[in-house]
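Sharing a structure below in C-alpha cells format, with a few things to ask.
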Amino acid sequence: MRSKVVTREEALTKIKDGQTIMFGDWHGELSAEEIITGMLEKGIQNISAIAVSAGMPDQGVGRLIKEHRVKSIVTTHIGLNPVARDQMFAGELEVEFIPQGTFAERIRCGGAGLGGCLTPTGIGTDVEIGKQKLTINGKDYLLELPLYSDVALIKAWKADTAGNIAFRLTGRATNSYMAFAADIVIVEVEELVEVGELGPEEIDVAAPIIDMVYVRTGEKKPFCLMWQRAKAKAEGGKK
Amino acid sequence: MRSKVVTREEALTKIKDGQTIMFGDWHGELSAEEIITGMLEKGIQNISAIAVSAGMPDQGVGRLIKEHRVKSIVTTHIGLNPVARDQMFAGELEVEFIPQGTFAERIRCGGAGLGGCLTPTGIGTDVEIGKQKLTINGKDYLLELPLYSDVALIKAWKADTAGNIAFRLTGRATNSYMAFAADIVIVEVEELVEVGELGPEEIDVAAPIIDMVYVRTGEKKPFCLMWQRAKAKAEGGKK
Amino acid sequence: MAGLTGRALIAARCAKFFKNGDFVNLGIGVPLMCVNYLPEGVDLWLEAEIGIVGCGSSPKWEDADPDLIDAGGQPASIIKGGSVCDHTTSFALIRGGHIDAAVLGTLQVDQEGNIANWTIPGKLVPGMGGAMDLCAGVKKIVVATDHCEKSGESKILKKCTLPLTGAKCATDIVTERCYFEVGADGIILRELTPGYTVEKIRACTEADFIVPEKIGVME
Amino acid sequence: MAGLTGRALIAARCAKFFKNGDFVNLGIGVPLMCVNYLPEGVDLWLEAEIGIVGCGSSPKWEDADPDLIDAGGQPASIIKGGSVCDHTTSFALIRGGHIDAAVLGTLQVDQEGNIANWTIPGKLVPGMGGAMDLCAGVKKIVVATDHCEKSGESKILKKCTLPLTGAKCATDIVTERCYFEVGADGIILRELTPGYTVEKIRACTEADFIVPEKIGVME
C-alpha cells in the first residue's frame, strides 16, 4: 500500500482561503495544533469552521478565531472562548448554535450519505426556526440536514503509513466521525507505525478514508493552557 | 454494581408470544443459539422477527421459522433459508425486504431516539412504495422510519457481571446496534469475566443498556452446519 | 442528611432520586455535587457527553491524562467497569432514552416544566452544548437551582422569558427552599426545607403551585 | 492477459478499472475473481458488508475462525492493515461515497444503466442484501455479467423488466463478448473480444448502443 505520510507543507497545499473546514477536537483539546500553526503562518483566512466549540483563545480553532481568520462557525458552545463571544457581538464572527447531539448526527449524515435525520432535540425551542417539522407516530421531530466540508482536520494518537488511525480513550471526541465528512481528510498524529502494527480491532478509522497523515514534530501531548493555568492555580491554592 | 447474570429460565421469562424480537446475528451465525433453543422448548410463537437475514434452517432465527414460530420478518435476505422462502410463497411467513444499509440505519434510529433518516438507497426502485420522498439540495431521498423491539437477543464474546459486553472481530455483526433498540436486551456470551477485566476501550456496548447476561453452557464457538457441510464437501473433494 | 443547607441540601435531595445502577448525566456545579450524597449501596453510571460511561472523580493533576477529559475539557477518570464510546454513541444514549435521569442547573424554569439555561440574548451566549439533547431524550429531568436570583427575583416562573432549552421536560425542581414535582396540571409542592412554610414559598415564587394535603420535609 | 475467455476474461477486464489503493466491493462469483487478475503494483482494500475493510483470501478450513466471516457468512481473513468496523459504519462507507468502485453480477442491465439483480417475482426471492446501497452510494458501478442467458436471450436490454436494484447507476458493463461504457446518451461499445464484431454484438444484444469511431480490443 502506498504511504500517505506527508510533510506539513504538503498538507497545507490542500487548505485554502474560503474553505469549509471541520476541526476535530474537544474545546480546543485534542486538535491538530501543528497544522493550525501552519495555517496561521500561511495566512489562511475566510474559513467557515465547523467545530464542537469555539475552542479557547490559545488553542485549536480558537487560535484562528483570535487572528480573525474565521468568518463563521457552526458550533454548540463558545463559553470557553471570550474572544469568539466578543467577535460575535461585534458582528465579526457569524455563529450558528446547534445542539451537540444534532451537531454529531448532522456530521454523521454528511459522512454516511444520508440526506438528513429527524431529531426531537430542539422541539419547542428557537432551534425550530427555519426547519421543517415532521410528525412520526404522534411525536414531533425536526428535519436536520447533513454537514459536509472541504477539509477535515483530525487529531489521532497513532497512524500507520497506509492511513489507518487509532485514538486513545476520549481522544476520539469529534475526530472519529468528522473523518467521514470531508473531501480531504488530514490527520495529525503523535506516533507513526508500520502497516500491521495496529490490529484489526485497534484501528478506529480505516485507511481508505484518510488522505494525508502528518506526524507531529513537537511535544507529543501538550497540556493546554487552560489546564496549565488551572493546575498552577490549584497548586498555588495549596500553599 | 449489581450483577446482571441470569439463568436461561430467568432470561426466558422476558420472552413472550407475539413480541417483536430483534435477533443479532449474521445469516444465523453469531446468534444467541441457547436462548433460541429455550424459546423452542418453551413454545414461544407468533414472533415478529427483525434480523438481517432469515438465517439458515438449522441456525439462528431460521430454527424458529422452521418450527413455524415466526409470523413475520423484517429482513434484507432470505437466500440461505429455503424453508423461509417456501413459507413466504405459501403465505405462512410475511416478509418485508429492506436494503441492508437501511436496515442498519432504521435500527440505529430506533436506538438513538431519531424519528427516521433520509437515504438515497432504493430511489427509483420498488422500495419507494408507500414511503415519503424528500428532495434535499436537489437529490431525492426516502424517509425511513425507526425500528424498535420488545426484546433484542444479542450474542457477544465476553461480558462482565455488570453487563458490559465485548465482541471479537466480525462478531459484532448486527449485535452491536440492536442492543440499543429494545425494551429488554438479553445477551448470550461465551465467557463471563469480573468487572474491571474488560478495559474502557475493549467494551463495545456499555453496561447500562444491557438488561440480562446469560452465559452459554454448551460449546463456546460451534461451527455452524453450513460450515460443517461445506468443510466436509471440501475435504471429500480432495480425496 | 439532616442539617444540610443551601447548595449542599439541593445536591443531597437530588441524590435521593437515584437507585443503584442508574445511568445519569449530571451538569457542572451543584448537579455534580450529588455524587457526594449518594445513599449507601447506590452506585451510579455517570455519563460524560464526550463519550464516557462511568466517569470517576477528578484525578489529581499529576495523574491527569490529556487523552482523558470530561464534557468541559477537564481531566477525567473512569471507574472500574467504565468505558469510552464515540461522541455519536454518547448522544444516542442521551437522545435514545437510555439515561435514567439528568440533573441540570438553570437560569429559569416554569410551572409547565419549561427550562431556559443556554442564553441571555445580547448578554450571555455560551451555547446549548448537550443540554437540549438531554431535555429531549432523558426520562427524568431534575432541575437543581437556587430558588431566587441574587437580586431576589424568583427563578421559578409562570412562563420562562428567556429562550428555551427544553419544552415541558422538567420532571422535578429542587431548590434550597423546597422541592416541586412537575405534574400534568402544574407544579406540586412536595417538600419544604425546615424553616420554610407554604406562605414563605409563595412570597418568593412567581409560579403558581399546587399545595397538596401532605407536604414532606426536605433534607 | 491475452487468451482469456469467458468469465475469466470478464474478471480480468474488470480488474483493469482499479488503481493502487482503491477501496472496492466485489460481489460473490465473477466479481470476486477480479482479485486474481490485478495488474502488478495494484493492491486493493476489499470491503465486506458485515464490517471488514481489507478482506483477504478465504482461509483454509483449519484456520477458519467463527468470529471472522464475510458478507455471505463464509470464513474470511483480514489483510495486514485491514480492520473491522460496525455494520452501520460499513454502510456509511458504502452509502457515503467512500468506496471507489463496486463490481456486481446481475440478472438484467439496460441501456440507461438500470440494474435488476435481486428478485424474479414469484420465482427467485433472495432479497437485496446490500446491493441497493451499493447502487445508491458507490461512484463507479461495474456490471460483470454473461452477455446472454443460457437460453440465448440478451441480458443487456432496452429497459429492465424485473424489479430494479438501482436506477441509472451502472457506469460500465463487461461481458465475455464486449465492454460497454454507460454514457449520458446511452451505452457505448468501447471494446470487443477477439472474434466478435459490431454486427455480432448487435445480433445478441437487445439494447441499442452507440458505436464510436474507434473500438478497442478487450483482453
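For reference, chains read A, B, C and D in written order, and residue numbers begin at 1 within each chain.
Everything that follows uses one rule, which is that a residue touches a chain if its C-beta (ideal position, glycine included) is under 8 Å from a C-beta of that chain, and two chains touch if they have at least 3 such contacts.
Just so it is clear, the model here is predicted, and its values are computed rather than measured.
Hopping across touching chains, the smallest step count from chain A to chain B is 1.
Contacts with chain B and chain C are shared by A. Between B-D and A-D, more C-beta contact pairs are found at B-D. For the pair chain C and chain D, the distance between C-alpha centroids works out to 55 Å. Taking each chain's centre as the average of its CA atoms, chain A and chain C sit 29 Å apart. Averaging Cα coordinates per chain places chain A and chain D 36 Å apart. Across the assembly, chain C contributes 78, 84, 91, 94-95, 136-137 as residues in contact with two or more other chains. Residues of chain B in contact with two or more other chains: 105, 108, 112-114, 119-120, 168-169, 200-201.
Of all possible chain pairs, those that touch are A-B, A-C, A-D, B-C, B-D.
Residue ranges on chain A touching chain D, taken from their complex, read 1-2, 108, 111-114, 160, 162, 164, 180, 195-196, 198, 200-203, 206-209. Those residues of chain D that touch chain B in the complex are listed here as 48-52, 61, 64-69, 72-76, 78, 84, 86-88, 90-91, 94-95, 114, 122, 125-133, 135-137, 163-168.
Interface of chain D with chain A (complex): residues 20-21, 23, 43, 45, 53-54, 78, 80-85, 91-99, 136-137. Those residues of chain B that touch chain D in the complex are listed here as 26-30, 52-53, 75-80, 85, 88-89, 95, 97, 99-102, 104-105, 108, 119-127, 157, 167-174, 176-177, 221-224, 226-227, 230-231, 234-235. Residue ranges of chain B in contact with chain A, taken from their complex: 105, 109, 112-120, 134, 136-137, 139, 141, 143, 145-146, 168-169, 200-201.
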